[in-house]
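Multiple structures follow.
In the two complexes that follow, subunit A is the common piece, with subunit B as its partner first and subunit C second.
Presenting the complex of A and B:
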């Protein structure tokens, strides 16, 4: 019993599964929505894909506090940079700023990040910045505790030059597979698609995701009443 | 020797033997022993016109109840209140500090404070102390951009939610919210749900106790319902009352409130050198 209370004081961390993939014309970023404090789910619907600029977004994993503060700083630096440059910042600059903060404070921060976006010079780009502050430009990258279960899956399924629809479906399928196997990932799947036409956010509730090996259909779940157009008040 | 071994329960599971014994003792007149509680339950929810915050009122020093009726809902701005769990000194200090900063900011900008301002000030302070300022907060308020509810953790991370609970009783209170919360609650439904969640923390958690405080914040108005519910009244009061020993010399048995002896001047002259 005591161990549960000790864990409630544990730092707020995002177990997480985060994914970034490029496709022909842009990028798709995806994440789960679980934030845990020890063994308790502190937020089951968090948004781990944060905006840095109009065209660059960042997926956060690891310590919630560290990643929130880091993205706040980088958003501020990018805003200044955009004003000074007179043009929208490129994804490469955004990723480098994230890497600078992450590397220079490597002793104090514990956060793995994926920066993704679209700019007119390079098109859609994904950059992975794991613990320690390495910067790696990759056609796709995965991060967070749930990513361990996805390496083999991506090795098999990844191909260059997918369409937007294929890429989004791939990301949702991957996050949902990780949620099925990783205790620290769960909730809903959020995706952000960035291309020359702008940004589009999508949301996939847990009950719309496919069922994997040995997963059962939800029966008599609280969600049944919620899918109605006007929810009725619960009667005790 | 073998008799003792036989009486020990060989199977697992709860043994109800002592429950029967306790019942028998209570019937014979033995008072059941009291439970010690420590910790906090604080909650917040967004309803159709604004936000409602709730908290229990027990403050503890280890196993001792230091204050049976403390205030855990702190004032931040006329339109923003903050519930605090964790070390009482830390929550008081950090909310007072940010409340003063918000007031100065209001003078500077000439505008009503926004909840995100309070949020950023709190989260940057807590992050810079790397979790050593042990304050877990539920911040709620209504400003020009609408109603807002946030939770802030001691390490400086924040969440924005439609309903939130913190403290050791948070699991008990969250169970109530998860089963009964829906969007677009009315004020009365919201207050009832918040009170129910706090009561759940008070009674089911080895965590919280005493009374329920509620604060309802809507556009342009806030109602601080101190001691909205008192579900733990003092059940036994001694009939004998309190008496002094025979050796004491009683001089006066009348109590005069000091306020009557003090003259309060309205709008007096300013102090001069």
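Presenting the complex of A and C:
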């Protein structure tokens, strides 16, 4: 049996569940908050939805270090681009920059990303950039190890033109389902909603999430709700 | 088949650490077969819209057929990110050709040759673009259809295919292709091949596009799905009379 101490030096990986969906008027990005080093949860409240510009955010999965440094590079490029352009960068440009870094360093990077945002030319857009650096514009996309458990779910419930409320509820439900089954995903559910009116961050701690199969309502203690004495031994 | 669960790049002592140089060692998001045939007025291509991630059928709306300039069509199988990069190279090639503004335009033979050089040179550097490409077109009435692989193997023929298409589609085409197929005959023939691929290729997805190039120009069909047939007596109860067998 391997010593657990090996794991503490293992690279930080965000097993992760990340989601991006478009709705009528914008996009909703969602993620779990678990960062693990091997079997140890190094950070149980990470923020995997990172800002690139005022109107474009990125969901990060895979290697924590790789996704952070890639985001830093792209934020830097976008900052310069915005100055030179004189107006906010489009989501498409942001996504293409992420693709460029991802593709040109494909042998070294191990991170799957979702870029989502809103701009005045195209409205809300979601781009998936999996391992290898393929760029795909999609109405919605899922990523990270937890996403394996969500393909069937989305096949069934996805529909175009949802309202903001429907889209947010869908994302929260989906991340919560993935957390239930993926050991590498956990913690809280974070969402970021982006539309013409700006950006809105939301936070859903475990106790606000629905309970799934074989999960029980959380209690403070066994001793809760026990009125007087301990239960009598059963007599047949 | 490769196991593509997100595993860290491995150090192979013979080739040095993978992180050392720029070398694509394995594909991630891949497209499967492409088929191309010559017909009376030009070239017809068929490809499904699947992007597989290992054994998962992850993406189902990937366009793997693209036009190149006015006279050519390219179809790609293999790593999609490398195909997207090839499209960037080709768009640049066409742009520079247009900038000459001399009335000439890059034709399918030139594009095929260019691609062959690119693919072969990358192969020689042990950093291939992980694709098999089909390239076809028509210029001044002259039809052209060829293929290039990730190691630079290239040739022309009346019908070409990549991947599984070579094994399943080309035998059908060898039997049933002939000079001067009409558009309808061509499409039906391609659909026959695509249906077999759908039955027998695990990475096939039931959503495809047909591309056509003639002297009039390029058209790409809307995505559509094929009907499949399962209503055979032999399928209904295969173990009847031999319970416990398979």
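The rule we apply is simple: the second predicted complex is superposed on the first by the 218 of 236 C-alpha atoms of A that agree within 3 Å, B and C clash if a C-alpha of one lies under 4 Å from a C-alpha of the other, contacts with A are read in each partner's own complex, and residues count from 1 in each chain.
Quick note on the criterion: a contact is a pair of C-beta atoms (placed from the backbone, for glycine too) under 8 Å apart; a residue touches a chain by one contact, two chains touch by 3 or more.
Remember, predicted model here, so these are calculated numbers, not experimental data.
Touch criterion not met for A:84: it reaches neither subunit B nor subunit C. Of the two partner chains placed by superposition, only subunit B is touched by A:40; subunit C is not. Once chain A of one complex is fitted onto chain A of the other, the partner contacts of A:156 are absent, as it touches neither subunit B nor subunit C. Once the two complexes are overlaid on the shared chain, A:64 sits against subunit B while remaining clear of subunit C. Taken together, the two complexes place residues 11, 108 of subunit A in contact with subunit B and also with subunit C.
The residues of subunit B lying in touch with subunit A in their complex are 39, 123-124, 126-127, 130-131, 134, 151, 153-159, 161, 168, 170-171, 178-180, 182-183, 189. On the subunit A side of its complex with subunit B, the touching residues are 5, 8-9, 11-12, 35, 37, 40, 42-43, 45-46, 63-65, 68-69, 108, 222, 231, 233-234, 236. Of all residues in subunit C, only 6, 8-9, 18-19, 21-25, 27-29, 51, 53, 56, 58-59, 61-62, 79-81, 84-85 touch subunit A in the complex they form.
Put simply, subunit A touches subunit C in their complex at residues 11, 62, 99, 103, 106-108, 110, 112, 130-136, 138, 145, 148, 151.
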